[in-house]
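In the two complexes below, chain A is the common chain; its partner is chain B in one and chain C in the other.
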Partner chain A sequence: MLRFSALLISAILGTVIAFIIISGIEAFIKGSGLSLFGDVWNPNAGRFGILMMIQCSVLLAVSSLFTGWFLSLGCCCILNGLAPKFIANLLMGILTLMTAIPTVVYGFAAVFLLVPLIRDALGGTGFCWLTASMILSLQGIPTMTFIMNSAVRSLSSETKITATALGMTPIQHLSRVVLPLSSKAMISAAILGLGRAIGDALLPTMLAGNAIRFAKFPLDSMRTLTAHISLVLSSDIGGGEHFSLLLSGALLLTFCAVISFISRRFGRKINL
Partner chain B sequence: MKKFLFALLFVSLLAGSGIANPLDAFKDLEGTLDIAGGTAHIPVMTQAAQDIMTFNPKIRITVAGGGSGVGVKQVGEGLAGIGNTGRPLKESEIEKYGLKTFPFAIDGVALAVHPDNPVKALTKDQVVKIYSGKITDWKDLGGNSGTINLYGREDGSGTRETFTDKLFGKGELSPSVNVVNSNGAMKTAIAQDKRAIGYVGIGHLDNSIAGVAIDGHVPSQENAASGEYPVVRNLFMNTKGEPTGLTAAFIDYIFSEPGAKIIEKSGYIPLPKSK
Partner chain C sequence: MKFRELALTFLSWAAFLIVIFGVGGLIIFLMYRGISAINLKLFFGDTPAFDAIFALKPVWNGIWPAVAGTLSLLLLTMTIVLIPGISCGVYLACFASERERDFIGESVDILAGIPSIVMGLFGLELVIILRRFFLPDATTCLFLSSLCLAILVLPTLITATRSSIEALPSQLKLTAEALGMSKSDTVRHLLIPSAGSGILGGIILTMGRTMEDTAVIMLTGAVANAGLPRGLGSKFEALPFKIYYTSAQYTSSDELMQGFGTALLLLFLSWILILAAKIFQKRLMLKWQIN
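For the complex of A and B:
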């Protein structure tokens, strides 16, 4: 029975993935005259390039992963002995609370609090790469911290007596023994964070400004693939806009598949 | 006091039952009505369809977009009962398909800035230059110096279509236009940003943002209705020949009082049914 359910779920997932990939390829072939991978988005002129969106998606995901991952590592260390117990408990409470906050609340609060702050302090419109990246990394912290924390906690209790017997202080124990041992969890936290960062549609749509161009500076307005999909809900079947959406979807899926594939290969190697 | 309230409630109930409910027309109807065409019409059509289908579940109404061209084609070829357009029908279309047209709402689009912005009037030419990126500083328009922050709507938005058709024209938009995906989000963005310029459906103008006069024409509901304000278009429903049955009842509902409420709520100005 369990095996049957597993097969069924895999079959459904497989169909969905195949559907998205196939329609993406079809869009690419049928839309070959529309320069889908070009750098011009001008529906009136029949140009539906999504190169800018690809660049923005990658930039935003990598930048928010970068800050988010380091902050999560910090949180994880605080939870495991870097700070007094009550601070650790407080942080744990906040992180648990954060997982319960819907993304739209982050976005809404940022529109009214962070966007004006950035606009007044740094210029521009405030709807930009920097704003979106800050909130996106904040949003990813709890998940990444919990993954790191569970690995660090179990490894820490396994090695604690030995480390203490060798005369290590708790901080030495954490930084020299536990953290290196839990590198696999660190990497899988990063992979999961990257997948979420590249796949989030709501925060980029609300905060990144959605201008169609290559982003060069943190204050530039940018449009990610996901925001593009949510903004261009084309109602006609088969037009250039429609193709660009299908292609965006297939690309996003491919990104995530590649990331998770690499992480598995990588993870296995480290374990040996 | 309590007695008085009850009496009031009683009177209001009596008064309420006296007025015929426009939905009663759908009581004995059943079947399917397909609606297709202009995207600006979709909120009005969907809300009306929901009201009707809730009142009588035997009726099924589908609403699809596709744009004005699709609307004409679908209704002309009998694929949809009502084809919506955001422009008057062409002579050739009326002749070819034998269409009957019903203008039901005015969709006006107002350019808006932050209330503190001293620039409250622009010429059409200036607007084109602003949105194509040729004018980038408020001081070139007589305002306080500072970069102009451009806001626009997403592809497929009816508001954007009216803005492009009636004001901006065929030129190329500046790539630095920030895109928001609703009238509400546009208002929030402009209300917070002193250097912003954007556009909203005229029904959405309020104290939080300031409308900009175009060539001296002030955007307001009255001016849009009288034809004084130029950035407007009518929204049309079109049928093949004289509408009958469910289609006729649906069109009458759009022109009824609850229909007008839906139109206003979607940010448009209702029009009376023309003979």
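For the complex of A and C:
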């Protein structure tokens, strides 16, 4: 009975993956005349290229990962002896509460607070790459910080006494001993953060403006793959828009599965 | 201080301030705008509360239908996910062979990494296929949403159950074995009850994830105006979808206020759930003196 339900998990996973991938491939074959991987989106001309969405997804994910990762590194240092105890406790409490903030609430608050700020300060509509990337990086911080923290904390307590005996200050101990030792955890936090950032649908949909084009500047409106899926109405089943949707889903799934796979291989190396 | 230490100190304090002010700003803004909207009128509009709760009269301008929708979604999803999730976690922690643990663990990890919008797409495609080949009148509905949500949150429950049991001190298992308890008795009468509060924490965590997810339900049956959910096969309203919809489609300042109230309500509910989960998990740690 227990064994059955455990194997059920693999079966469910297999079903979901097979289903999405097969529909993606089917869409690709059936829609071969629609240049699905092309860089033109023009439903009237029968061109449904999703290259622009791919570019936007990658840009948004990488940019928010970049800021989010550095902020997480900072938070992790605050938690591990760079700041007084009460500040560390305060930050820990806030990070824990942050893990529970629903994405849609982040999005809602940002639509009415951050978007007008950006609009007034920098011009444009306010719904842009910059806005989405700011909130997305904020949202990813707790997860990454907790991954880094668990590695840093155990390494720090292992080496603390030796380092102090050698005359190192706590900051030196952290920057010269612990952080270099925990580089693998840092990379695995980044990998996991990338998967999260590229898979999030709500924030890009609510904040990035959703114009279909290549984004070049932080104030450009953009539409990611995830936003594309959540926006296209499924009224024309079997049409070009629907095919582009299926292909986007298959791409996202493949990407995230590969990421989980890599981070698992990587995680095993850390444990050894 | 050398450059590296200086840079690290600067980065850390900057990160601290950005997180505090970023999140603090968003939350305080939300409370400032939303706290006055949280009252009976937010829930029931102009309908008397009693009539609304027992569905005697319809609620036109309150969020009660969305609350009811979210509650039924929660109930249905937890019903589906509870038994497979916990038993899979128990199996992984207690019975699985090395190879099974690898294989199933890998599946759980990959499943956990699938974006929720892709799971929503899965549900949508499922209905389209059903409609084409088996049931011509299949449609997106409450049951479909619960099913997809259940698959989405399954890894959370499995991982929480598994790690609660694995965190128990190994003497417990050894003592049981030394006393001659069989493996299944040990698991059923010793390990699961001992890890009980941790597993309960995991269940609450799973509820939190179910409640907040928006991407799945917006593709599988949540709509803006459905009234109270009428059955497994009906469309429904839900709190997160209401918030998403309001942010894009509000027409009056009243609707906007309602959006702020709803967002704040969802935030408070999520916080209550995570605090409860943390308390239960902490109790497990204290009971067995695990650090």
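One rule holds in what follows: the second predicted complex is superposed on the first by the 250 of 272 C-alpha atoms of A that agree within 3 Å, B and C clash if a C-alpha of one lies under 4 Å from a C-alpha of the other, contacts with A are read in each partner's own complex, and residues count from 1 in each chain.
Simple rule for what comes next: contacts are C-beta pairs under 8 Å (C-beta built on N, C-alpha and C of every residue); 3 or more make two chains touch, one makes a residue touch a chain.
Keep in mind it's a predicted model, so treat the numbers as computed, not measured.
Trainee: Could you tell me if A:209 is touching chain B, chain C, both of them or neither one (first, second, both, neither)?
Mentor: First partner only.
Trainee: According to the stated criteria, A:19 is in contact with first (chain B), second (chain C), both, or neither; which is it?
Mentor: Only chain C; A:19 stays clear of chain B.
Trainee: In the superposed model, does chain B or chain C contact more residues of chain A?
Mentor: Residues of chain A touched, chain B against chain C: more for C.
Trainee: Who does A:42 touch here: chain B (first), chain C (second), both, or neither?
Mentor: Only chain B is touched by A:42; chain C is not.
Trainee: Using the touch definition from the top, say if A:87 reaches chain B (first), chain C (second), both or neither.
Mentor: second
Trainee: Should A:121 be classified as contacting the first partner (chain B), the second (chain C), both, or neither?
Mentor: A:121 sits against neither chain B nor chain C.
Trainee: Go through the superposed model and pick first if A:257 touches only chain B, second if only chain C, both, or neither.
Mentor: second
Trainee: Where does A:111 make contact in the superposed view: on chain B (first), on chain C (second), on both, or on neither?
Mentor: both
Trainee: Classify the contacts of A:161 with the two partner chains as first (chain B alone), second (chain C alone), both, or neither.
Mentor: After superposition on chain A, A:161 lies in contact with neither partner.
Trainee: Go through the superposed model and pick first if A:231 touches only chain B, second if only chain C, both, or neither.
Mentor: In the superposition, A:231 touches chain B alone.
Trainee: With the touch criterion stated at the top, can you tell me which chain A residues are shared between the chain B interface and the chain C interface?
Mentor: Of chain A, residues 111-112, 206, 230, 234 contact chain B in one complex and chain C in the other.
Trainee: Residues of chain C touching chain A in their complex?
Mentor: 1, 4-5, 8-9, 11-16, 18-20, 22-23, 25-27, 29-30, 33, 83-84, 87-88, 90-92, 95-96, 100, 103-122, 124-126, 128, 151, 154, 158, 208, 211-212, 214-215, 218-219, 240, 243-244, 246-248, 259-260, 263, 266-267, 270-271, 273-274, 278
Trainee: Quick check on the complex: what are the chain A residues that touch chain C?
Mentor: Residues of chain A touching chain C: 1-3, 5-10, 12-13, 16-17, 19-20, 23, 70-75, 77-78, 82-83, 87, 91, 94-114, 134, 138, 141, 171-172, 174-176, 179, 195, 198-202, 206, 226, 229-230, 234, 237, 245-246, 249, 252-253, 256-257, 259-261, 263-264.
Trainee: Chain B touches which residues of chain A in the complex?
Mentor: 42-44, 111-112, 115-116, 119, 123-127, 205-206, 209-213, 221, 223, 230-236, 241
Trainee: Using the touch definition from the top, list the residues of chain B that touch chain A in their complex.
Mentor: Per the stated touch rule, the residues are 39, 64-67, 70, 147, 149, 154-156, 170, 172, 175-181, 185, 188-189, 192-193, 195-196.
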